[in-house]
Amino acid sequence: MYVAVKGGERAIDNAHRLLAKKRRGDTAVAELGVEQIRQQLPLAVARVMSEGSLYDEQLAALAIKQAAGDLVEAIFLLRAYRTTLPRFCASLPIDTSRMLLSRRLSATFKDVPGGQLLGPTFDYTHRLLDFSLLAEGDYPGPDVHGHAQLEPCPHVLGLLAKEGLIKEETDLGEAADDITRTPLEYPASRAQRLQALARGDEGFLLALGYSSQRGYGRNHPFAGEIRIGEVDVWLEPEELGFPIAIGAIEITECEMVNQFVGSTAEPAQFTRGYGLAFGHAERKAMAMALVDRSLRAEEYGEEIQSPAQQQEFVLAHCDNVEAAGFVSHLKLPHYVDFQSELELIRKLRKPSTEQAQ
Amino acid sequence: MAAPLLHTLLQPAFPDPVLDAQRSFRAALKALAEPGVVQGLRPAHAPSPLAGLAEASHALCLALLDIDTPLWLAPAFDTQAIRANLAFHCGCPIVSARQNARFALLDSSQLHDLSGFDLGNDRYPDQSCTLLVQLPSLEGGRRLAWRGPGIQREHLVAVPLAEHFWQERESRNDFPRGLDVFFLAGHHLIGLPRSTQVAFHGGA
Amino acid sequence: MTATPVPPAAGPVRNPEYDRARQHWIGVLARAHRDDFDCHEAALRDTDYQLIRAPEIGMALVRGRMGGNGAPFNVGEMSVTRCVVRLADGRTGYSYLAGRDKARAELAALADAHLQGAQQARWMSELIEPLAQAQADRRARQEAETAATKVEFFTLVRGEH
C-alpha cells in the first residue's frame, strides 16, 4: 500500500534554526566574519573555490561560514550559486610561465634557473602543535632583503623538452571540450578529464594518486615542478577587438615527470602528468597530476588494470557534490521501498520456518 | 572587426537587465505552456527599440540568447545594428549555417522553407532550433483550431500565416523531434510548441 | 607612459599603438582596489553619461594549458563584473573586472571613457600612473618576500685536502 508522506514543516524549520544556533556557537565568543575566514583560512577557501569550480574568495569564505566549516557542503553551496550566474566568455589560456611566484620547487633538478623558492609552506615544520597560537600574537613575517628580486623561472620541464627527453605538449588549436555544457562520454578527451579532475575531490584524487605510487598502475613519478603564485587572467571581448587583463588569480600548478620506456615507434623518454588548481592547493595539484598521468595509460599503450587508470571509474566518482548527493539521498524517506523488501524477506523465510516446524 | 564603429551602434537593452529578462522569460514560458494564447510584455519592461526588431522579438532575444546559443538571422534582420547589439548584450555567436543554430530569427518571407534547422535528436530533443518569427500582427489570418497539451479543448488562433508554413512544420514534426516556434509582433507573443496539433487542411 | 596616443577616427581602421595604450590602462584599472577609486570618484562621475551595459555580475570560464604550454582545457569559472558607459560626446568606456563589485566596474568604465578624451594626459598622470606604481611596488614587495625563501645550497666538500 502506498502511503503519502507529508508534514514535518515545523520540524524542518526548527531544525534549520537549531543548525544556525550550532553554527553560531557560544554567543559570548565573537562571531566569525567572512573576511576573517577569507584572510585566515586561505587554504580552505582555495579548496572550496577549486572544487566549487568558481574563483571568488569572498563567496567561498561565505560558503565556509554558512556550512559551519564543512568544506564539502561549502563546495555544494558554491556550485549551486555558480549556476545562477551567466557565463560572459572564456578567458585566454592563462600563461603560468608569467606567474608572480610565491613558491616554486623542483624535485628533479637541484639547480634550476631561478632557484628553489620555498614560499609559505608546511614542509619542514615538525607538525608539533604550536600552543602559542592559543594566544593572539604578532607574526612578523620573513626577513626580507629590501630589493631582493626573483630571477626568471622558466618551466623546468621545458629544459627536458629542449633535449627531446620528454613528450612535448602540443596545441593543435582544437576547442576545449566543456563538461559543464556537454555531458561526459567515454572515452573522454584529456581536456575533459583535466576539467573533471580540477573540480574533483581532493581526498579521492589523493587516494588514487597514492594507489598509483604503491603499484596500482605503472607510475614512477617525480615532482618535476610545483609553482604557486598569481597569474593575470586575460579576455578578448569581441566589442574591444584586443585582449585585456581583468585581474589576477592565485593558482597552483604541478608537473609530474614519469618514466616511459618507449615503444617500437618512439624512443624511451619521460612522460607528463599535469595538475592545476585554484588558490594555494599543493596536495590537490600533485594528486591531480598523478591521476592525469595514470589516465593516459591508453595513449601510451599501457595495460589498464588499476582503478587510477580507469577513466570511467575515476571521472564518474571524483565529483564530491555528486557523490555526497547520492549518498545523502539515502537519508530521504524510503519507507515504501523498504516495506516491499521487508515483505519479500518475510515471504522468502516463510517456507523455511514452516519446514522447520 | 570594425570596433570603433561598433561603439556608435551599441545601445542599452532592458531597463532592468535581471528582472526584465526574467519577466520576458516568464512570458515565453507561459506562451509555450498555453499555446495560442497571446502573452503581452509591459512596455515599461521591454528593451529600447532596436531598428528592425519588434519589442517582443528584442526582449526574447535578450532573455533567451547567450554565449551557448548560436543564432541564425534571416536576411531582413542581418543588419549591423542587430548583429552588434545581440553579440554585445547576449554574447551569442551568429552563424551562417542553419543547422548550427539553436535559435533563429525569421520574418514571414522565410516561412515557406524551414529546411536545415536542427530538429534535435531522440536523445536530446530539446537541442532543436527554436524559431522566433516576427510578424506584422498576430491576428487577421485564417482561424485554425489548435489542440494538444496546454489546451483544454481547442483554441481558435488566427496568426496570419500561409499554408506553406503549416506544411513545412508538419513535415518536420517527428515527435519528440521538431521545432518550437514563437510568433512575435509589437509587445505580444504566441507560442507554438511542437506538441500542438493544428488542423490547417481545407475550410476557409 | 610617454606620448599620449590619439584614438583612431571613426571607421574600421585600428591603431595598434592606441590599442596597446588602452590595454595598459584597462589592465591597471582592473587590478585596482575599490578604495583606490575613492578620491577620484567625484571627478569620474562629473559628466553626463549613459549606461549602455549597466554593471553586471557573471562569470568567465578560466582556461589553462596542459603542461603549461599545450592544448587548452577548462579549469573552472571566476566571477567577473562588467560595465559599459557612454559619455555625452559618444566616447564609450568599458570594464571587465575580476570579482563582484558593481560600483568599481562603473568607475573603471568611466575612467576608460575619460582616458579616451582630451583630458587623457591628466587622467594618466593623476589616476593611472600612481595606480600602476602602487601595483608595481606591491609586486616588488611580494617578490622580495618570496626571494627571502630561496634555498642557497651548500656543497659539502669531501675529505681530500
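Going by the order they are written in, the chains are A, B and C; count residues from 1 in each one.
Basically, contacts are C-beta pairs under 8 Å (C-beta built on N, C-alpha and C of every residue); 3 or more make two chains touch, one makes a residue touch a chain.
Protein identities per chain, from UniProt: A = Carbon-phosphorus lyase complex subunit PhnI; C = Phosphonate C-P lyase system protein PhnG.
Bear in mind the structure is a predicted one, so any value in this text is a computation, not a measurement.
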item	value
Innermost chain, where centres are averages of C-alpha coordinates	A
Highest-count interface - the chain pair sharing the most C-beta contacts	A-C
Centre-to-centre distance between chain B and chain A (centres being mean Cα positions), rounded to whole Å	41
Centroid spacing, where centroids are CA-atom means, of chain A and chain C in whole angstrom	28
Chain A, residues touching no fewer than two other chains	86-89, 239-241
Contacts with 2+ other chains: residues of chain C	14, 84
Set of chain B residues in contact with two or more other chains	1, 3, 7, 10, 88
Interface residues, chain C side, partner chain A - complex	14, 19-20, 22-23, 26-27, 30-31, 57-80, 82, 84, 94, 96-100, 139-151, 153
Touch list for chain B against partner chain A, complex	1, 3, 6-7, 10, 66-68, 84, 87-88, 91
Chain C residues touching chain B - in the complex, by the definition given at the top	7-14, 50-54, 56, 84, 86, 90, 92
Residue ranges of chain A touching chain B (in the complex, touch as defined)	86-89, 181, 238-241
Residue ranges of chain A touching chain C (in the complex, touch as defined)	49-50, 53-56, 58-59, 82, 85-94, 96-97, 100-103, 110-111, 115-120, 141-150, 155, 157-158, 169-172, 174, 176, 178-180, 190-192, 194-195, 198-199, 232-233, 235, 237, 239-249, 251, 253, 255, 272, 274, 276-278
